[in-house]
Amino acid sequence: MSSQFVQFLIAGINAGAIYALIALGFAIIYNASHVINFAQGEFVMLGGMMTVFLLALGMPLPIAVLLAIAATAVAGMVLEKLAIEPARGASVVTLIIITIGASILLRGLVQVAMGRNFHRVPPFTGDDPIPVLGAALLPQNLWVCGVTVLAVLALRWFFTRTMWGKAILATSHNRLAAELVGINVRLVMLVSFGLSGALGALAGVLIAPITLTHANVGIMLGLKGFCAAILGGLGNFPGAVAGGLVLGLAEAMAAGYLSSQYKDAVAFVLILAVLFFLPGGLMGRGSTERV
Amino acid sequence: MRLRGLMQARTGGLLALALVIAVLPLALPNNFYYQVAVLVGLNAIVCVGLNLLIGYAGQISLGHAGFFGLGAYASAVLTAKFGWPAPLALVAGATGVALLAFVLARPILRLKGHYLAMATLGMGIIISIVINQEIPLTGGPDGMPVPGFALFGLRLTGDRTWYWIVGGLLLLSVWLSLNLIESPVGRAFRALHGSEVAAETVGIDTARFKVLAFVVSAVFAAVAGSAFAHFAGFVTPVEAQFLRSIEFVTMVVFGGMASVFGAVVGAAVLTALPQILTAFHDYEMIALGVVLIGTMILMPRGMLPSLAALTRRWMR
Amino acid sequence: MAKFTLRTTAFALAVMALGISDAAAQGQPPIKIGSFLAVTGPASFLGDPEAKTLRLFVDEVNARGGVLNRKIEVVIYDTAGDAKQAATFAKRLIEEDKVDVLVAGTTTGETMAVVPLVEQANIPFISLAGAAVIVEPVKKWVFKTPHTDRMAVEKVYTELKAKGMSKVAIIGGSGGFDQSCRAQAKDLAKSYGIDLVADETYGPQDTDMTPQLTKIKNTAGVQAVFGCGFGAATSITAKNYKQLGMTQAFYFNHGVGSQQFIDGAGGAAEGMRLPAAALLVAEQLKSDDPQRAVGLAYTQAYRAKYNEPISTFGGHAYDGFFLAIDAIKRAGSTDKAKVRDALEQTKNFIGVDGIFNMSPTDHMGLDLKSFKMVEVKGGKFVLAE
């Protein structure tokens, strides 16, 4: 393996892990409500910006990070409570427009509260590159990958082993049936948005030390996360992770080996190709349509 | 009988729109207002087309700014770099977009729901990246100037001239789409939105109609793009960007899905809104977000259908 | 009770008197300066300090009694960097707000979209955007304050040539500012004997430039890297550069002229160089340097009001604003044609960007001398010449 390839691999996996976390957030909300949450990227932004804000208040980094994630989870629940729940019964497209409104609102609020400058978050553990097979890895890259793996495992446990997780899955499969067996669907929605907010914020704080953060950082990351979610098969958790990794690696390899000018286009061509041949995404289940 | 009444209501709507376009200049004090009105008209043309796809065929597209951008740049590049006459460039742009949409339609429309959204999004983004990167042709991110529109040696300049042109184009596009909706094809459209499977079981070739809706909406966007390029005299890749696609969809849903005039209202409100929200200065984005969320909660079916239902309740 | 009434009456009278004297002193409607800037959106990093600067100095000039005995009023609209919005707002400023002069346009796209309008409306327009096309060829009503990106490239190439470095790699974004810089770098390479051996692009919101830099790293013989860009992407580029352990000389264009670039890179920017307006190193200028005083004044005023470091972008707005005021003063009125002529005759105007000497053939009026080569040392910009 050439050192160049290893370097591209590191870049790809790092970006892929972040996309995966964002894609998981999309998947959770999609499963609970069939809504594509266009404010998912803003959760990522909130995670990073809240950390900056709390650090400026003099909090130590670990506490700032945890509080930022918690605060974003609350923001997600507030969004559900104030904007999604009152529109219950509206069409899915209407709900999507509401999330677009929420995304604009959140960006506007953060710009007023914290300005339009970009900010740096210190790395969790040092900034000295670690040489790997001729390539250079940052300690923060390890944090990104490690925490993403943990988050994915935790989610898996949550959805397969806990009552709450099962309730959410049940709701996603059949909302009416879930209600009939006594699942509080409204609470499920609330938890889903909270969880999704927390995941987005987690992605945000993990990459902020590598990529800096600012009020507009969520737009493109949200879009990429959406792509990853679709690529893997919408609402499919392992698919979201796979989609994120594939997208991250495709971008890095395209930038490295093909044309950096057209690397974003390469990623989208890849997605289109996948969709044309696998219309349900990489791990899509053959879905039947209800008539 | 019922259909007849409906038809009349629709013709009435067209007349009302024509009246609004004819009378509006009385309330427009200067060229700035004309300019906003022209932009409203251009967005409305795109939305009327997009509404056929979203509201009637039930297919979402997050890539229509790509078609708008292609139309705009076809006109810009063909007239500025190759010296084509503007009308020819417009037709070439629209034809090119129609072909592209037709070729893409089959594989793209095979997809369902959000996969379709993703595919159209990807298509739009690829178009905007190409426009952005082909600097020798398009001027890249800083954009390029576009010569004026000359028809039979007559140069169309000035906001007021363009107001009447775009007004006419809008009426034409509304008339076309009303006809489409009322045609047998259109009834199939509406069936589609209800249930694709049901439509197929009664022998409607759903794929064909979806393709038609896709192509027609793409052409509307391309023509609006061409007109915009000549009107503005300058185009940048922002016109083709993904956020612009989202804006178009927002306008359609905001105004009222499956309502031609709703699309016009949505385009009008959301195009004019930023000009009004400037009063909020730094709080502009917050205000826009609140307006979007608030309207969609209070009027989940969009402004026009919800307001119409409200008036009907009052009238009773 | 009576006392209370008396006092309020006195207060009301005082207010009225103040109002009257104020009106008497002014006597005329305010001078209106119109502006449309990318306050939000991808170029907000440039537009935000520009808007802040305009607001700050309007208040200051008004506190000193205004201009020609008239108050100054600034109308600022946010384009979010969108050329279409810029054109609409420009029309609004001209037709609806009836401004006397435009000091506006954060990006080249916004500026160029407005040029036809401005030429038609016959209103003086001072652009704050970088590209040379804005004033080359000269347009009757259009001026600009920042150095062109062409000059930034010339400044860097001059130093590279002096140091005997000829193999250069470019890395930059796909935005307008970056692409324009890249185009100039390619255009000028030959005349400076520079061989561009690599050219890498990143997306406007990319978060990792290691693949692009790795390619440069593995390109044989690269002696120097030239970065075209601004904002967060440049800080990330610097961080990635250090991460990969690359050691070639790194030059940026003037887009990184802000303390934020250094802070964002978190130490990785050490040793990197860029051409910048003297403003960035005002404290280090020789005491007889005419730009020192004006640079320091701007820096102190901006810091005092906003409690954040200055950038050269805010400086462009400062120069645009005071060039307009200077021209209005010399014209003795806000007559648009007279103000335009006065602007064109600007001589020895000491701004933070440099000393402006305009002419009918030069609507920017800056030369290479006012560009300083600056190096990042100890987390600060240090004069390197």
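For reference, chains read A, B and C in written order, and residue numbers begin at 1 within each chain.
By definition in this document, a contact is a pair of C-beta atoms (placed from the backbone, for glycine too) under 8 Å apart; a residue touches a chain by one contact, two chains touch by 3 or more.
Not measured: the values here are computed from a predicted model.
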Arrangement of touching chains [line / ring / star / complete / other]: complete
Chain pair, most C-beta pairs within the contact cut-off: A-B
Between chain C and chain A, distance of the C-alpha-averaged centres to the nearest whole Å: 36
Centre-of-Cα separation between chain B and chain A, whole angstrom: 31
Junction residues of chain C, two or more chains touched: 40, 174
Contacts with 2+ other chains: residues of chain B: 133, 284-285
Overlap residues in chain A, where contacts from two or more other chains coincide: 111, 219, 261, 264
List of chain C residues in touch with chain B within their complex: 40, 77-78, 81-85, 87-88, 91-92, 94-96, 107-109, 112-113, 116, 131, 133, 174-176, 179-180, 183
Touching residues (chain side chain A, partner chain C) in the complex: 4, 7-8, 10-11, 14-15, 18, 111, 115-120, 122, 127, 129, 135-136, 138, 207, 210-212, 214-217, 219-221, 252-253, 255-256, 260-261, 263-264
In the complex, chain B residues that touch chain C: 29-33, 35-36, 39, 132-133, 135, 140-143, 145, 159, 232-236, 238-239, 274-275, 278, 284-285
Chain A partner contacts - residues on chain B that touch it in the complex: 54, 60, 107, 110-112, 114-115, 117-119, 121-123, 125-126, 129-130, 133, 195-198, 242-243, 246, 249-250, 253-254, 257, 282-293, 296-297, 300-302
In the complex, chain C residues that touch chain A: 39-42, 44-45, 48, 174, 200-208, 210-212, 214-215, 218, 231-232, 235-236, 239, 242-245, 260, 263-264, 266-267, 308
